[in-house]
Amino acid sequence: MSKICVGVLGATGMVGQRYIHLLENHPWFEVTYVAASPRSAGKPYKEAVANRWLIGSDIPQGVADLTVYDAGDVSSAKGKCSFVFSALEMDKEAIKALESSYAAFGIPVVSNASANRWTQDVPMLIPEINSSHIDIIASQQKKRGWDKGFIVVKPNCSLQTYMMPLYSLIKAGYPVKRMIITTLQAVSGAGYPGVSSFDMIDNIIPYIGGEEEKTEKECLKILGNVSGEKIVDASFPLVSSTCTRVPVIDGHTACVNLEFDLAENKKPSLEEIEKIFTSFKSVPQELKLPSAPDHPIVVRREENRPQPRRDRDVEKGMASVVGRLRKCNIFDVKFVALSHNTKRGAALGGILNAELLKAKGFFDKLV
Amino acid sequence: MSKICVGVLGATGMVGQRYIHLLENHPWFEVTYVAASPRSAGKPYKEAVANRWLIGSDIPQGVADLTVYDAGDVSSAKGKCSFVFSALEMDKEAIKALESSYAAFGIPVVSNASANRWTQDVPMLIPEINSSHIDIIASQQKKRGWDKGFIVVKPNCSLQTYMMPLYSLIKAGYPVKRMIITTLQAVSGAGYPGVSSFDMIDNIIPYIGGEEEKTEKECLKILGNVSGEKIVDASFPLVSSTCTRVPVIDGHTACVNLEFDLAENKKPSLEEIEKIFTSFKSVPQELKLPSAPDHPIVVRREENRPQPRRDRDVEKGMASVVGRLRKCNIFDVKFVALSHNTKRGAALGGILNAELLKAKGFFDKLV
Amino acid sequence: MSKICVGVLGATGMVGQRYIHLLENHPWFEVTYVAASPRSAGKPYKEAVANRWLIGSDIPQGVADLTVYDAGDVSSAKGKCSFVFSALEMDKEAIKALESSYAAFGIPVVSNASANRWTQDVPMLIPEINSSHIDIIASQQKKRGWDKGFIVVKPNCSLQTYMMPLYSLIKAGYPVKRMIITTLQAVSGAGYPGVSSFDMIDNIIPYIGGEEEKTEKECLKILGNVSGEKIVDASFPLVSSTCTRVPVIDGHTACVNLEFDLAENKKPSLEEIEKIFTSFKSVPQELKLPSAPDHPIVVRREENRPQPRRDRDVEKGMASVVGRLRKCNIFDVKFVALSHNTKRGAALGGILNAELLKAKGFFDKLV
Amino acid sequence: MSKICVGVLGATGMVGQRYIHLLENHPWFEVTYVAASPRSAGKPYKEAVANRWLIGSDIPQGVADLTVYDAGDVSSAKGKCSFVFSALEMDKEAIKALESSYAAFGIPVVSNASANRWTQDVPMLIPEINSSHIDIIASQQKKRGWDKGFIVVKPNCSLQTYMMPLYSLIKAGYPVKRMIITTLQAVSGAGYPGVSSFDMIDNIIPYIGGEEEKTEKECLKILGNVSGEKIVDASFPLVSSTCTRVPVIDGHTACVNLEFDLAENKKPSLEEIEKIFTSFKSVPQELKLPSAPDHPIVVRREENRPQPRRDRDVEKGMASVVGRLRKCNIFDVKFVALSHNTKRGAALGGILNAELLKAKGFFDKLV
């Protein structure tokens, strides 16, 4: 089977580089089109990222010699790819406009950017949780007069630590009322150059701009339902979060206090919760998507886990690793959850979204 | 005025070294007696800590040549000091026994150790909060048949980040019902060698043995009241905490979610809370104790403060530095609080306790 | 083909754990015997390392349930393995005695320990450099009356950064007279718990006990020649080193200044040197040993490489990564060399030694 | 005595902030004029640096409300200060032109910038070494037709680690022929934001642009002599260096190998060298300049010192701290030297230069 040709918008940035790195040797997809700012346009990719390639291993050979196109010149993608990953790093309105241009041009956009997260008919996907949200795509296309193009997005990296554990409980019949969360987030989440080393050695920064609002709101859209032409947010759980930056390269950690929306005698025991976490599987596992983790939630029983450096790469960096599951004397339970912010939380999460769409028949032929 | 002679038990350990360092040039106290394990006994202090002196500046000259005594030989302290700071690092029962021996021998013990924190008639002091707990000392002496000796302790370092902010609210008439807290604690809190660098570079450890229990329980004793022969714990607030270790040298950070025990219309506004924090003063400030901070609570309004490296040393390392004061959409307010764990949280906090006792007339003459 | 059964001495320590981790799925070897201190003896391996397993991925299944034997009980290895890897962590004399016991018992010892590095008839192997030193084994066995057993060792991790680049130049006909070297070494080189995080955050330690002497001496044995019953050290190059510890998890870096022992007009150009490095191959590559790197020396031309985090894992962690090759205005050339201290520099280097011995016919049958 | 009014050019940048911080409470100087880019011009200083104030303690009160002037508008300094510290962060030619404008306008410039380091009649001062170079100022003024204005500079921060030890040996009659040096430099040396935390956690960067050339060349000008209208470089020592960046906040470390230009029997012993280092004093000590260290060179005898975090602040951050003094088996001696790069190496070094000039009668009256 020949592979599906894919493009990467914002290919020279940090997230774009990760897409290109992670798509090397992908069984279904092959990068055949790279686009970035006008400054890089016309250069071979390897020249455009010379001295800016941030990843340890070398530039994949198939991409090194691709010519970089101006991402603003949508027509340059014609005939070169079946869909694009958007890793654009521009202001929100510019990204929104550009992603729409690609979609209008007939090229589906699987986006890593936050610009379209709050567009009501754009699904914000975690395939283990809300794969059914792709049903909104037909309506999205119809409303805008798009033929084959469409846009899907992924949520912010910080909530991917606890969304699957949360959803697994809800799915098992244990609705959640409230969660108080503190995150300890890795510096790679801030892009490159991101946080200055002068701010990060022997220090933590107890603030990440916009992150707490995202954490508190995105949760509800992800857990929402497609209703007619839009996705209607869930009403619960209520989330209150404090987001901090810590001197860790990769891997966001969340300390979670969770209260069920159930009578005391209906609440699950710690044993039941652990079993729900451990046995959780969903659509990506059923469809055997290439980037899907075998176990989306991994439970560690050691008292001092999960730890970013030791646990972020389990299940190819696609699992929520949960530990320290215990009673909370104010809410019901407490636990610590970890996920790899640049894999599950960014590029590999985007790739999983594309795999879901491919499996559901969205990318059959070259545009 | 000649200074009061003081001893340091556990003088060669990390906390003991800090006492000796911080007491250099103290206006009231002078170290004249140092005791440690039998291994060090008989040596000059400078030899006993050779290659183990962990502090940047040199060993204070007045202490370098003191002979180290065996801490187990209580009588060796006779005539050498008016009281001792206990920085003993042994198992709890041994510390308890040894501290009692010194007290029985007539030497007051101002302890940094956790051994006697739960002894009902031993006050656990934060002088800005519960200086009145020293009233229990007379009863403590009487009950045990001690003449001049007694024991006071200080609480765990992690809760010193938020105890003064909490107390200032209660004192201002705003009782607190519940607090959910996540701490990010510095490595110096684990002693020396403490946490391996192999565990701490590019990593966080989401667990500190015993710390969450201490955080949750000690709060209530500190806020309690002397009643007859014991200190009766307060009933509120309920505390639930998650304690983590982060790659920071000094300075514990706590992310706090707080709910008042008040009707909605009686709760203070953010402005009122900030004013309460900023204007908080108490006994140590009134008594002008040498180690007391001018402002026990310092409020930072920048969105990204407090930060350990930038804020830990404000007010000589004796303040709670509070920032990010904002509404919580589950409880009432959220804030981030920081304090210097080896100063306010350990040795300098112990020294402040001794200053309080001195000011109250407990150390007038050489034993 | 069934695999060769191997044992690991010191299996519960940090280096022992790495052997077990790296031997999982090895094409030739299978761990069938684990031995450690009497404290661990009798327990299943997974219990013996419970809460002490330091590696991110889980304990290999085939080893988790093996019973741990007392390493001092040599006879317990009988019939269980064809040879042992020694990752013993004891004092030198004890290791020396124990390794000899295994060899005397008929079990070859491929050692990671430094105890036998200076035993004159024990080869200290870097297979790309001195694979011919295994010729001394026959003499070693004869002299001691050992039948099938023998001992080989590997050198200290710090000099593996620059030994292959150095040797490649000598082999190409450019003898080296002197090298002045400063190393920046990772904390994993100190074992576990090793360096305290209190010493390593916002700090470097400009001293590693014994390391400079090893760096300066071991070089000459490795470059020496088998002569009769012993290995005669080379006379050159003279090495002077300063060894420092830096806050890096894995990957030792060496800053090298090198002077050739040649007339000015006979010295190689930078282009020739780069070509020598890039094209260097040796015995492990010819024998296609499973752990051998395809390119033992990898040259990076970017001005800011090699970097530990980005380059340590190239070629499975078995390469010397060289960069910043340039003229020295005092000696002839300067460069920066990096190697993975726990892979090439420790366990995987030991495994490569065993692969060489296997390929040369030393481990044909179960003992 | 009223203080001398001083200005700071580039007052909003990182180095400018440090000048303002370090000049708070200076006995001789008072900041009365601050200038920066046009973007900041017209604002109160505290507003111009809002959210960009990088120092832990607060903005000094006397400066917080000063109006920031456009540094390009030289006439705005008229009547406001007797001289300026230049902490300009622009391209070299622009700095050169602007510093000359101030000097031509009659305002002496004590510069932290590298722009004028190679101007032949501009002294590059380390007051302990070459205070006599200020004799060139008269010729500098005459040649350019400047009346009261002039320019002095300070050298790069990295060589301040070893320049005083080197000079103390030369001064004691032991000329030095060659030095091979590897530096491990702190991130604060790169300015702000400087090095990305993504590059610096669990990593070192073996390259700092331009630093090795500066290290090798500036040494010779500092050791040179005023001859007529220019400073003639010294011929020795030859320096070869490798400069690396390490995860340390403040404090550059240099590993030095040093060869004397003397017959073997004329070379000093290690004891003599230590004595030379320990007893070294020079002009700033004789003049009792306020920022001069009592001991410009501090020798540590512990085997694992100097360490950046423990030793950088000794002598107010103005000393070279030397340790590990030992024989080199290639050159003559090896040692490790440390200095505080943002104190001695930058702002406080600049202030010491100004103190020297003041003591020599250069800043007597308001311009």
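Order of writing sets the labels: A, B, C and D. Residues in every chain begin at 1.
Rule of thumb we're sticking to: a residue touches a chain if its C-beta (ideal position, glycine included) is under 8 Å from a C-beta of that chain, and two chains touch if they have at least 3 such contacts.
If you're wondering where the values come from, they're calculated on a predicted model, not measured in any experiment.
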Please report the minimal path length, in steps, between chain B and chain D on the chain touch graph.
1
Farthest-lying chain, centroid of Cα atoms versus that of chain A:
D
So using the touch definition from the top, which pair is joined by more C-beta contacts, A-C or B-C?
B-C
Centre distance in Å when chain B and chain C are each reduced to the mean of their C-alpha atoms
48
Per the centroid of Cα atoms for each chain, what is the distance between chain C and chain D, given in Å?
44
Would you mind pulling out the distance in Å between where the CA atoms of chain A average out and where those of chain C do?
41
Set of chain D residues in contact with two or more other chains:
199, 201-202, 247-249, 303, 309-310
For the complex, give me every residue of chain C touching chain B.
54, 187-188, 192-202, 247-249
The residues of chain A that touch chain B in their complex are 178, 180, 182, 184, 199, 201-207, 209, 216, 238-240, 242, 244, 246-249, 253, 255, 257, 303-310, 323-324, 328-331, 334, 336
Residue ranges of chain D in contact with chain B within the complex:
51, 55-57, 201-202, 249, 302-303, 309-311, 313-314
